[in-house]
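Each of the next two complexes has chain A plus one more chain, namely chain B in the first and chain C in the second.
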Partner chain A sequence: MGTSTNGKVNDFSSDMEVDAFRRLFPLRFHERHLAESIRPDGRPLGKARDTTLVLGAVASANGSALAKIGCTTMLAAIKMEVMAPTVEAPDEGCIAIEFHMPPICSPLIRPGRPAEIAPVISKQLSDTILRQEIICHYLELSLVSGKAAWMAYLDIYCLDADGALFDAALLSAVAAFSHLQVPVVSLNDDGRIVLISEDNIAAMKEKEPVNKEKRKLKLDSVPFSLTCVLHKNHILADPTSEEESIMETFLTVVLDSSSFQLVSLNKPGGPGLAHTSAIQECVELAKLRVKEVQKIMNEATSDMEQD
Partner chain B sequence: MSGKGSTTPSTYSPSPTGYKKKRPDSNWARPDGRTLHQCRPAFLRTGAVNSASGSAYAEFGNTKVIVSVFGPRESKKAMMYSDSGRLNCNVNYTTFATPTRSQAPESKDLSSMLHKALEGAIILKSFPKTTVDVFALVLESGGSDLPVIISCASLALADAGIMLYDMVASVSVSCNGTSLLIDPVSEEESYQDGSLIITCMPSRNEVTQMTVTGEWSTPKIHEAMQLCLDACSKLGKIMRSCLKEAASGLQD
Partner chain C sequence: MEYVNPEGLRLDGRRPMEMRQLRAEIGVVSKADGSAVFEMGNTKVIAAVYGPREVQNRSQQMNDQALVRCEYSMANFSTGDRMRKPKGDRRSTEISLVIRQTMEACILTHLMPRSQIDIFVQVLQADGGTRSACINAATLALADAGIPMRDLVTSCSAGFLNGTPLLDLNYVEDSAGGPDVTVGILPKLDKVTLLQMDAKLAMDTFENVMQLATEGCKAVATYIREILLEHTKQLEFRRGL
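Moving on, here comes the complex of A and B:
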């Protein structure tokens, strides 16, 4: 284990003792690091872990993305289905977002006993993505007014849980939307929407496709987030699960990628209280992080286009 | 998982239903251009999930599976005392794994098949009173899911350092009229007459599980078994080299 990096923990003679100290006195172990403005994995306090993004990870979905922040891994995929729009909003589609934590992702989750945090993150994601209507103009999901509209099922699976779950989930969700291709469909005689594929292209020839070509949704501005842990006077960006379990006060900042305006700010209680200055500092850290994530996102998109 | 509450309106997939295509006539190519007795290229990696004791990722064509192993850890409180360890298996599908959303095969059934396939290869006596959990998640279902899950789980167990008599490799063959197709994809599985899955320990030449379903003639079964066993020993070698690669990577 790379616990004895940087040689800052010289008071312990061997690696083994450091490991034992880490397990027995986790809080003191971390505070000892914080005093030196460094974290056990060698990061400075305000720095997020290495982030990678791969678009199109699942072929059976219309849009998908795999996001990795440090060891935290999220797989998001969107499947487009057809629904009858409501009478009140005949031109609007719908987006259903669900966050899953299958038992593979963490030793704390057992089958049949779903994680308590999963529905919380599900709700947070829905609030961020849907309420603001930042990502999708619902009108773009309309097919035949009053008869048919798209229902986008966005499912996000946590494959490896190592802290900052919401950040990784939001990143993968946004990336899946940017990869989403709305398929070409047409209305058949029974009034059902069917996919135009090579098999039934002859039968569909005389039918006008409802939407002309495969297209992407318009993404003007998207939300990105950064979670910080507040502990005494320290602010730790992008905590690992170990840090989350020891220091229990979190603050999540969601910013809009184009204007850097605040989308949401969430401090779900916790034993620590936050000063205004601490909140401002978190927002500053989030701004830096959003720029970083945006760059990663652009690289992933341009990689995809080259292929 | 499908019962999502009354707020969501009922939806349907635009892809054509009644998708069961007719089987093509005698001279036909496999959808992915393989020969009849050729397996899909296998991609295997250990250490996919950091928070697990051991894990593996397997990708055979479009079939993508992650398996995590946890433990040996304390058994459930309700469990009776036992001299030998317990194995607990669970298989899940993502909602987007299948072409139509949330139409995953029965996961209880797959979980018990996985359990029975692995049980014989694990030295359960080596972890008395405790449980080893094997959890699988199918990210994408592209055919021959169960054999891929089993092979991947065996690799994950080895990665977790659980004592095994040997790794198990699993391969399926599907019978289509007169021809045998090894490692079938979903489309081929949808029009097969019968299927045979063999799970074996290649270096001990022992079979832990064999499942035959559908219509078979005796000579065909013999032929299919031989095909599977050969493929298993090849897959076993790939799995072994994957572990060696991971181990040599650690030393560097």
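Moving on, here comes the complex of A and C:
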């Protein structure tokens, strides 16, 4: 297999099978497609994969969602526990986010050695959701001032890793928050908070419930994101894991769905350099994507409510 | 506490010899060579198989057979109270070992020397019988991956409460303190590969309970065969045969 002159490889490649060419010369395989403004799975450059969202996937959690972008699958679940608030902030609760990539999701992950990308995405999610209380004010999570407040544990599990992990993780996290129902609690005689289960209606009448009924959290802003990959002067939206591994320059744009304001922009280095025009184009693609995702989220919410 | 009421119904309305509802789906993880979701009532488990592939740790490579590895882990939200340590704790390590030894017995490892087969099981919802659900899911995932096996391995649990043998315990019945017998069999060869029991039980009662669990395993095997046939028909259809 001579690789010295371009011409020779070209001739050889026309005889080779498509699959073999794809494995041996992945960059040239993709560039051939980009020259025609299309990608190997048939999508135009700026289009994201089919996205589905199911709310309430985990029955035992207070809020949960399963998000699928193409083959990438993320399962997010929120469990609420009562804790004592800190002295400096007696009226505020807390949210803790954990992102897990179990070995089932990808052949590259070995048990005992966590994926490199998992803590990176975990930090990105915390920054996007928790800093400046983007999703909801911590005051919403208070129960009894100074004594008890809610601690929400958000766990996101990646069940299938096929590119655009941050987008799917953020979507499932936001959907889980929108599905979350704060459980009913009451103050015990010892001054402790107890959860009232739904069958315990007699107990509900005896004790004074601290919050009358299950309520949904009021979300301040709902952020959605789009990850693009930059290669020479092409911008590919929503890359698959194959595209991500070949063209390593990412740009992630997070926008607020109601005001289309920029929540976060992340271009963590990479071999490709981007002009300002490329960044603006990415933001435009992100706007279109946010509209799409908002529609999908509304459909999923109305499906849930119908049940 | 009454686990079987005078009319003969259990806490969730089942009869003593009735299994929970089974549901399975093959090919759910696109990146894996074989994968499956298996549900027994509220217990939901996802299994993924990667292999046969190159051994990652050369020192463990075996020249005459394949190396089988298994990891069992529970999601933080799978149980009622949020779990702190879903992987390294003793129970998970024990169940990983049990699943590995059970599946190793039925995989034809001598056909794939110097290679490695990884079985990863993740529990998404736990409501009793997770061990059995994991073994059933692993069987389906191995079949989906096309790994040669002697036979399917199916598993089911049974217990003894209020003087009645009960099939397929859920979490409440399991934590009642009565005996819990888990059986894993190779249905066609009619051989037992896994048998575990905790708590005390008289010998003749034990035989009844084990017989009941074995019947449960055979019912699971019938269901698994249906699922595999259905899946194969789908594959044929997609290939245009």
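Methods note: the second predicted complex is superposed on the first by the 281 of 307 C-alpha atoms of A that agree within 3 Å, B and C clash if a C-alpha of one lies under 4 Å from a C-alpha of the other, contacts with A are read in each partner's own complex, and residues count from 1 in each chain.
Going forward, a contact is a pair of C-beta atoms (placed from the backbone, for glycine too) under 8 Å apart; a residue touches a chain by one contact, two chains touch by 3 or more.
All figures in this text were calculated on a predicted structure; none of them were measured in a lab.
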Joint occupancy of chain A by chain B and chain C, clash or fit: clash
Contacts of A:31 with chain B and chain C, given as first, second, both or neither: neither
Touched partner set for A:242, first chain B, second chain C, both or neither: neither
Which of chain B and chain C A:82 touches, first, second, both or neither: first
Chain B versus chain C, judged by how many residues of chain A each one touches: B
Partner chain in contact with A:162 - chain B first, chain C second, else both or neither: both
Contacts of A:94 with chain B and chain C, given as first, second, both or neither: first
Which superposed partner A:111 touches (first chain B, second chain C, both, neither): both
Which superposed partner A:185 touches (first chain B, second chain C, both, neither): first
Contacts of A:256 with chain B and chain C, given as first, second, both or neither: neither
Shared contact residues on chain A - chain B and chain C: 58-61, 64, 71, 73, 75, 77-79, 81, 98, 100, 102-107, 110-111, 153, 155, 157, 159-162, 241
Of all residues in chain C, those that touch chain A in their complex: 28-32, 35, 42, 46-48, 50, 53, 56, 69, 71, 73, 75-80, 82, 118, 120-122, 124-125
Chain B partner contacts - residues on chain A that touch it in the complex: 57-61, 64, 71, 73, 75, 77-84, 86, 94, 96, 98, 100, 102-107, 110-111, 151, 153, 155, 157, 159-162, 183, 185, 192-195, 197, 199-200, 241
List of chain B residues in touch with chain A within their complex: 4, 8-16, 48-53, 55, 62, 64, 66-68, 70, 73, 90, 92, 94-99, 101, 133, 135-137, 139-141
Footprint of chain C on chain A - complex, ascending: 58-61, 64, 71, 73, 75, 77-79, 81, 98, 100, 102-107, 110-111, 153, 155, 157, 159-162, 241
